[in-house]
Every structure is written in structure tokens, then in C-alpha cells.
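Data block below; observations after.
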């Protein structure tokens, strides 16, 4: 027995939402190349993340590439290239939140393209790659195996110091 | 063992405070007559409580006299005359809070006088009375026996309605 | 006016109006497609949403210098009253007090009379407790016939806060109490120099000198910088702007405990010192002045409290008290603190009379109006805690009735 | 700007300045000799005293559109954070949302996808519970060396409120959950369209869609009109401006749970979904940046909390952890809620190092910094919950140290 509160959400209601999962579920139709991405990046991203994707601290834009091999060092550099386990996350995040000053303004093709550009600059995919709903989930990120489920407390802290 | 917080309060510190008890404890030196009180009342009270102490609803000033014999009726009228159990309360209240628009501005003599005036108009003391620290606590108010300690719950409400 | 930063921000928007306690901001078409406002544009102390409009309403009295305002209970969410909506009662206006110049003096039947600065009190051991304060005049218009137009006016002299301060017992240890001490006069620093006599036993059991309310300093209307807190006692005794505690062997019989706050019985005699607030409850949804759009499932919601301990249970009736169902208690019951209750109700579109009834942990049962009038007559003014009835008409309109 | 009435009052006093959240009033020489201000001059929603100055302070970040502010913990009185001082963290600024146009959609692995208006949610059964929210980045500057200048900056990404809303389990019954469902994506309606994946088990145990905070609607900075409340979970998961819940059989691996909010271990691998906040405590008086005027008796005061249940006990050390004494707990401990603690201390004028240590009801003991670094290295960023040390110098100056 329900409370009879709320109304059914139609497919049309749901059409304005998205969330992309690592296996590609949720990716929209469309595609983009690295070279198309270079143009999007230059116009819409470079001001904050830098010509060379090196980051622009004053704009709050993090570096998007570099840092491979640093994660176990004293000064880990965490970027899309060095740290992110899934390419889907890049598509999802850029589509929802970037460009920071004009969130949600990119078309699916533009997001495919700029995702491809960032991944190519990070040496993750070739310069001539095209990303779409079928190729993007197949991208293997350098740090794909770098994560594990961390739920639960640090067990040694039970009764420590007593 | 105390916390060593706070400082001793000297007699001088305490001199600015007062509270008058029914037995007269706390009353200041000084005195006032009904006729002196008539003048104080006319100048400082009548605008809000009325020429005849009948009250001025628009000013928020209650009637100060009348109402004897109404307390067990359907429309009880509670005034200094009909309801108040102690004359000390009148002195204490007028001294601390009246005139409403100039609180704390009356001298002890003025308060004795206006207290005498209000009580005389209520037929509680004679028109030629003088009030001071020794006579005021002896005034017998008409409703002096009209009160009892009401602490504790209405006992019938325990388990009523069950 | 609102601090410097907010003032500047406000000036730029002076043309826009917003409800009290809020600041107007433009509403974007789609908030996911436009950046929001930056941090700290509010100067570092936030304001409520411009879409929230409930305010304290005032009683229609000859002067606003001795009067009261009601908490908007129907709009209250949860079990705390926002400090800005706490009910008010003052007898000489709200004083503005510089805490650096304020002192609390404790004297009379004590070993050593002492004065405490606000800073002194803040460095003593403290307690933090949630309690309601209710004016014993709350609901006084309802003795003879249903009068007030909505629950803000029937029951809005009730508010709940988290209070922080020093227990009176801690202060007592600093000054030492004389053997025969039995009563304490508490005095405020307002234009009324408000005074009440309080049984020493109460002060020693849970009386508190509060300086904190809901995580910050007391609000000015609530006694800044110090007020007396007497859990479950009638509101008038919780002296605001507290400046003095005088220990004595007898009560002082001040104007507020003789002329006022005494309960006149039908025989013409009156009760002194009716200090504890009785068990009471009220349904806030649906309540008078509301309109139910159509028959269907509704969630009846309300508030229950007792001045004598924790709320034990609350029952709801939709047939004017013929049958009762237990309500859910929404939050953990604490002593002398409100609880929120709720109870599902399938309204069939017929006229109905809604009531709630509170039982506290001492076994005191909230009375019907008939019982209360039988015990106290119609002229005792204070402590009206009878079961409240709201009539739902077939058209969904809700009104204040005597069942 | 502040509502019409306050605006008028404000205009007359525009020349006077007052701290944010307050209004300036003239201070009379003797408040008992002059009438105070009348009721409702504030328009019906009160403001704090002009003598109260504490504000949220902001982090020094490149843009105030993705940044945070700290609650002034040293000035907090009691166990609730005033709503206007609740810490903030946003990634795209604070959106202004009209609740009449806001909806919560629940879809994915459900029987019937549904949308709920704010009014719909308000008429469902509600719960009212007090919980802290702590950013898992709280205290992150303290891993390698003592850095922050005072407790507002070391621990101020922590606030406590009374929250009111609808349990997720109540919503779940309305939509029906599919058998294989295990995770839920929560999404906000801000410019960051913030998303986090939450274990369904957590949502069904005590997850709440909150619309109330401290007795009124959520504040805009806290997600008005709706936020997700996940008691004891890291603050980033309590999605503000909540507009969508998508039920799935696996987590979504959003940017906020991969790039951020993962804990890098010394071996270069990182923990995902470190969601629960550990037991933690901090002394707020005395704390860094304060000065004790002279040797004597002081009341050490502080806050303790755990994301895993109730605080069981708090201990205090004045000798850098060599010996410990139990502290008094000031208020009733509730699950995933702060408590205030206090402990008397006779300072002899010698250098001393003050610490507090929290044990929660599961037996988890707040670790020393050494233990924490041994377990996690220096680069895990989040979830720093080590014992905090404050050094009191012989001259009374208090500073942030590693003991």
C-alpha cells in the first residue's frame, strides 16, 4: 500500500537527465575526433586548463595530463591521465559541469571530441582516434587497476591506544 | 572547593537594587501622603490610567480601582483595590516600572505618595493617611485572604479520560 | 542594518523586496546551466531563502512595548523553533544590552554575595539542553468559545530551543546558600525590571542561567546576554536580560505573581504559583484557516509537550474524540521538550473533527475542554491546555471549533 | 535585501554599521530607565545581537564559485550550529531555486519511476533527527605538519543541525525497488550538477531527503529546497539541491568518487568509497590563537563526534597524551551527532599540551597522528581524524602543534 504521493515520471521527464557508467551505459549518440576536440579545447577549455593541459592555478583549472608514475611518490600528481580509472567519468563530468563558466553548454559531439583530445594528449588513445558510445567504454585508462573498495573502518583503530 | 569565578558584590554594588516584600523588607526611607500622591498621579499617571483611575484602554493603562465583589462573578474585574493581596507589591511595581514611559524616574517619597493615593481612591486607606516603611506593610488589602498556594497539578487529570 | 557586506549587496538590490530575514537573488531559468552566487556574498552569516515567508505575528494590543508575538507553528518544520521566529513577550520593549557592561549579581541569603560577568559565566561548566518555553497565557482566548483564527494564534506562544548555560546549582556552590533559604527572586535589566520569585528547589534541580540558544548567543528578544531557564515552568518566570538573583526565605509577591499569573477559581479565590505547564498537544496540519484540496490520504502532523517530564505518547482522533489512534513520535522525547508527532489519515470527504491528546511520563493526561472548565471555571485565564479541535468541512475548509 | 519592514528600519540607521546578521540599535546608558524597542520592528524574523561578530571564514581558493567556508567552532555555544554559520562547500556557486519549480525524480531500477514535488514530500511521514555533517576534507592541512592558525580552520568543516525530512525507505515504498538494486546515484540541481553513488543499504537504513534544518526550511547554501542526508557519511555525499535519485546495480564512478574523495595509499593505490567519518574530537577552548590571561582554574571545552554511532566517551590530556582524564559530556549523545564535552583544568603556568580523544559506541578509538600516518601515509588527503594537540606556552599563548 503506497501513500499515493508523487506522479509517474515519463520518458520525456527523464530525457533531460544523464549519468554515464563505466560500461558506457548512458552515453548519448554522436562521436568526436581528437582534432575536433583540439578546437573545442582551445576555445572552451584552454583559458582555465592551459594550452598544454598543464593547469592554470589562478583560474582554479587543474592539470589534465601528466603525473604518471608519481602516485606512490612523496608528491603524487593526480590527473585524468595518471589517476582516473574510467574514461566514462571524463565524459560524464565534462558534459555536466564544464566549461566551468558555461556549464551544460556543450553538445554530445563536442564532449566526445574534447574527451578524445584530453585522452590523446595524455597518451591514452592515439591522435587519430574517434570516440563514440561504443569505443569510449573500451578505452583502458593507465590507472584502471589503481583502486579498490575502501569501505569499512581501519581495523587497527579498534581498541588502539588502550 | 569553588571555581574561583566572579567577584564579591559590595554593599555599594547592591545599593542600586531593590525588591519589597509583604512585611515591608526592602522599603526605603521616606514617606508620602494621599494629597501629595494626588499631584504625582495627576502629572505622571492619569494620562494612561485615567482621571478617576478607571483605566485608559487605548494607552494600555489598566483600571486601578473598582471591582470589589466581582471576583466570583462571570465578569471579574481585577484591580489593585479588588484583587491585589499586598500593598508592598504596589510600591515595588510602581517604583520599578512606572510611569511606563519613564520607568524608574520616581523618588521614594513620590512612590509612597502615589501608592497612598491609589489605595485611598480604592477605599483601602483613609484620605488623610501617610505611608512609610512602617505603615505600608500594615495596610490590609481587601482581597488579602483571596489567594492560596496553587503549586502542583490538578490531580483529577491523572488518568482522566482513560 | 545588516552588516557591511550584506549592506553593500543589499543596496544594489534595494528595489527588490524579499521577506524579512532573507535577501533577494535572481532566479535562473535552469540553475544547472548558470553559475550560482559565490561564497560569503552574505558577509559570513547566512539568511533564509527568499521563498520562505513565515513571520512572527503580533497580538493586537494598545502598545507594542508591552505585548507579544506568536511563533508560526503551522510552518515550523522539525522540533526546533528558528531563533528568529521564537515567540516574544516583553513588558517594556526589548532592551539593547552591551554584554561587556552586564553583570549577574547573586545575593541575599548566601555566604558571599557575588557578581559575575558574562565572560565569568562562559568559563564555568556548562550544560546544553533542549527545552520548550510556553507562556502560561498561551491559548487563553479559547476558554469560552473558539476564538483565534489559526494555530499560530491559538498555540503560538510556544517555542523550542537548545539552550546552553550554567546550572544554578553551579553558581550556588560559588556563593554558598544559607540553611533557611527557600525562594529566589530573579530580576531582569529591561524597562519593566521584570521580577519573579522561584522556588529554590526548582532552581537547584534544573534551573539554568542560559547564555546560548541554538548554538549561538541568546537573541536580543530572548534575553541577550543572559536569561533564566526553568524547564517546564511558565514562560514569564524565565526572566530575560537577567541581572540579579536574590535568595530569600519567602516569596516576594511581585506584581507578576499576584496581579498577573494567578489563576482565579470560580469561588473568587486565586491560585498563586501555578508554575508548571501541563501536558498539551496540537495538530498543526491540518489546522484552522487551511483548505484540504480533495479527499485522499493525508499525514496529520502536530506538536506535543509537557512541563512535567517527557511526552510518553500522543493519540489522534478524527471523530471528535470518540475513538483514538496512537500517533508516531518523530523525534527522541526529552524532558520538558516538545516532540513532533504524525499519523496517516485517509480523508473520505465527510465532515470530520480532528483532535490530539498528550500523555506525559508522569501519567498526566491532557484534558478535554469540559474537564478543564469543570476544574477551573472560565476565568482562570492561564494554563489552558485542553484538547484542541479542528473541524474539517466537506469542502475541505478547516476551522477552530469546540467539539 | 532584508524584508520591507527591516529595510525601512535599516535605512534610518544606514550610517551605523553592525556585524553580518545583526541590526544596530542605540545602547541606552541604563536599560531599566528607558523603554526598549517595540515588538516586530524586525519585520517578524529576528536577527542576532549587534555584539555578536563571529562569521564563516573562507578558504583561500582561486575562485569563490568552487570553494568552502569554515564554521567558527571556537565561538559556537552548545551543540547546534546556527544555520547562518553552517560550513559550506559548493562546486559551482549557490543556486537560487524556486521550490514551486523543483522536483525530485526517482527512477532506474524501480517498479514505477516517479517525480515528487516539494509539497508532495512535505505531506509524507517525516522524521526529525540531529546529525553532524563533516567534509571528509576537514583537517586536511594537518597531515604533515601543523598548518592552520585556529580551530575554525583546522576543524571548521563540521556543523550540526536538526534535520527534518522523508526517509528514503518511505520513498522507496512509493516507487518499488527491483531485486538486483544495490547503488543509487544522487544528483544536485546546481551548476556542478553534483553526483555521488550511495550504497542502497545505507539509504534504506537511515538516508533522508531533508527539507528542514533547525526548525525551518533548509538554508540556500545547504541545498534549499532539498538535500540528501546520510548520517555519518562524508559531507560531499549529502547532495544539496537534490533533484534526482537513480537506482542501479552498480556505482557510477563519478568524478567526485574517483578523481576526488578517494584516499591514496603509500603503495600508489587508492581506496574508493571511504564513506563513513571516523571518531574525532577537538578542544575548542583553549585553542590556537587564544591567550590565557593568567594561571588558574579553566574549563576545557570541546566537541566530539563519530560517523559510526554515538560518542561513548571523551578523554582529555594536558600532558600531550601521557595521562588521560574522562571529560563530562554536556548533552545527550545521539547517533552520528556531535556532543559537547568539558573538563576542569587548573593551569599552573607551565607549558602544557592539550589533547582530546573520542571513543564511539562501536569501540573505535580516535587515533594519534602517528597511528594514522602509519596506516595511511601522508597523501590520502581525506579523513584526517587524528588527535589534535594545542600547546599552551608559559605566557598563556596557545598554538597548533604536533605533539
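Per-chain numbering from 1; labels A, B, C and D assigned in written order.
Keep in mind that, in the parts below, a contact is a pair of C-beta atoms (placed from the backbone, for glycine too) under 8 Å apart; a residue touches a chain by one contact, two chains touch by 3 or more.
If you're wondering where the values come from, they're calculated on a predicted model, not measured in any experiment.
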Message = If I rank A-C and A-D by number of C-beta contact pairs, which comes first?
response = A-D
Note = CA centroids of chain A and chain B: separation to the nearest Å works out as 78
Ask   = How many angstrom lie between the CA centroids of chain A and chain C, rounded to a whole number?
value = 51
Message = So the centre of each chain is just the mean of its C-alpha atoms; given that, what is the distance between chain A and chain D in Å?
response = 28
Note = Residue ranges of chain D touching at least 2 other chains are 32-35, 63, 65, 92, 123-125, 191, 193, 344
Message = Residues touching two or more other chains, restricted to chain A: which are they?
response = 3, 5, 96, 100, 103-104
Task = Please categorise the chain-chain contact pattern as a line, ring, star, complete graph or other.
result = other
Remark   = Those chain pairs meeting the touch criterion are A-C, A-D, B-C, B-D, C-D
Request  = Would you tell me which residues of chain C are touching chain D in their complex?
outcome  = 1-7, 9-11, 13-14, 16-28, 31-40, 42-52, 54-58, 63-65, 67-69, 75-86, 88, 90, 92-100, 123-129, 160, 162-164, 189-191, 193, 211-221, 224-225, 241, 298-299, 301, 328, 330-332, 334, 340, 342, 344
Chain A-touching residues of chain C, taken from the complex the two chains share = 30, 32-35, 296-297, 299, 344
Remark   = chain A contacts chain D in the complex at 2-3, 5-9, 13-14, 17, 19-22, 57-60, 71-72, 74, 76, 78, 80, 83-86, 88-89, 92-93, 96-97, 100, 103-104, 146-151, 153-154, 156-162
Remark   = In their shared complex, chain B is touched by residues of chain C numbered 61-63, 65-66, 91-92, 105-107, 112-117, 120-121, 123-125, 170, 173-175, 185, 187, 191-193, 195, 199, 244, 246, 248, 250, 252-255, 258-259, 262-264, 266-276, 278, 308, 357, 362-368, 371, 375-376, 378-379
Note = The chain B residues in contact with chain D across the complex are 3-5, 96, 100-105
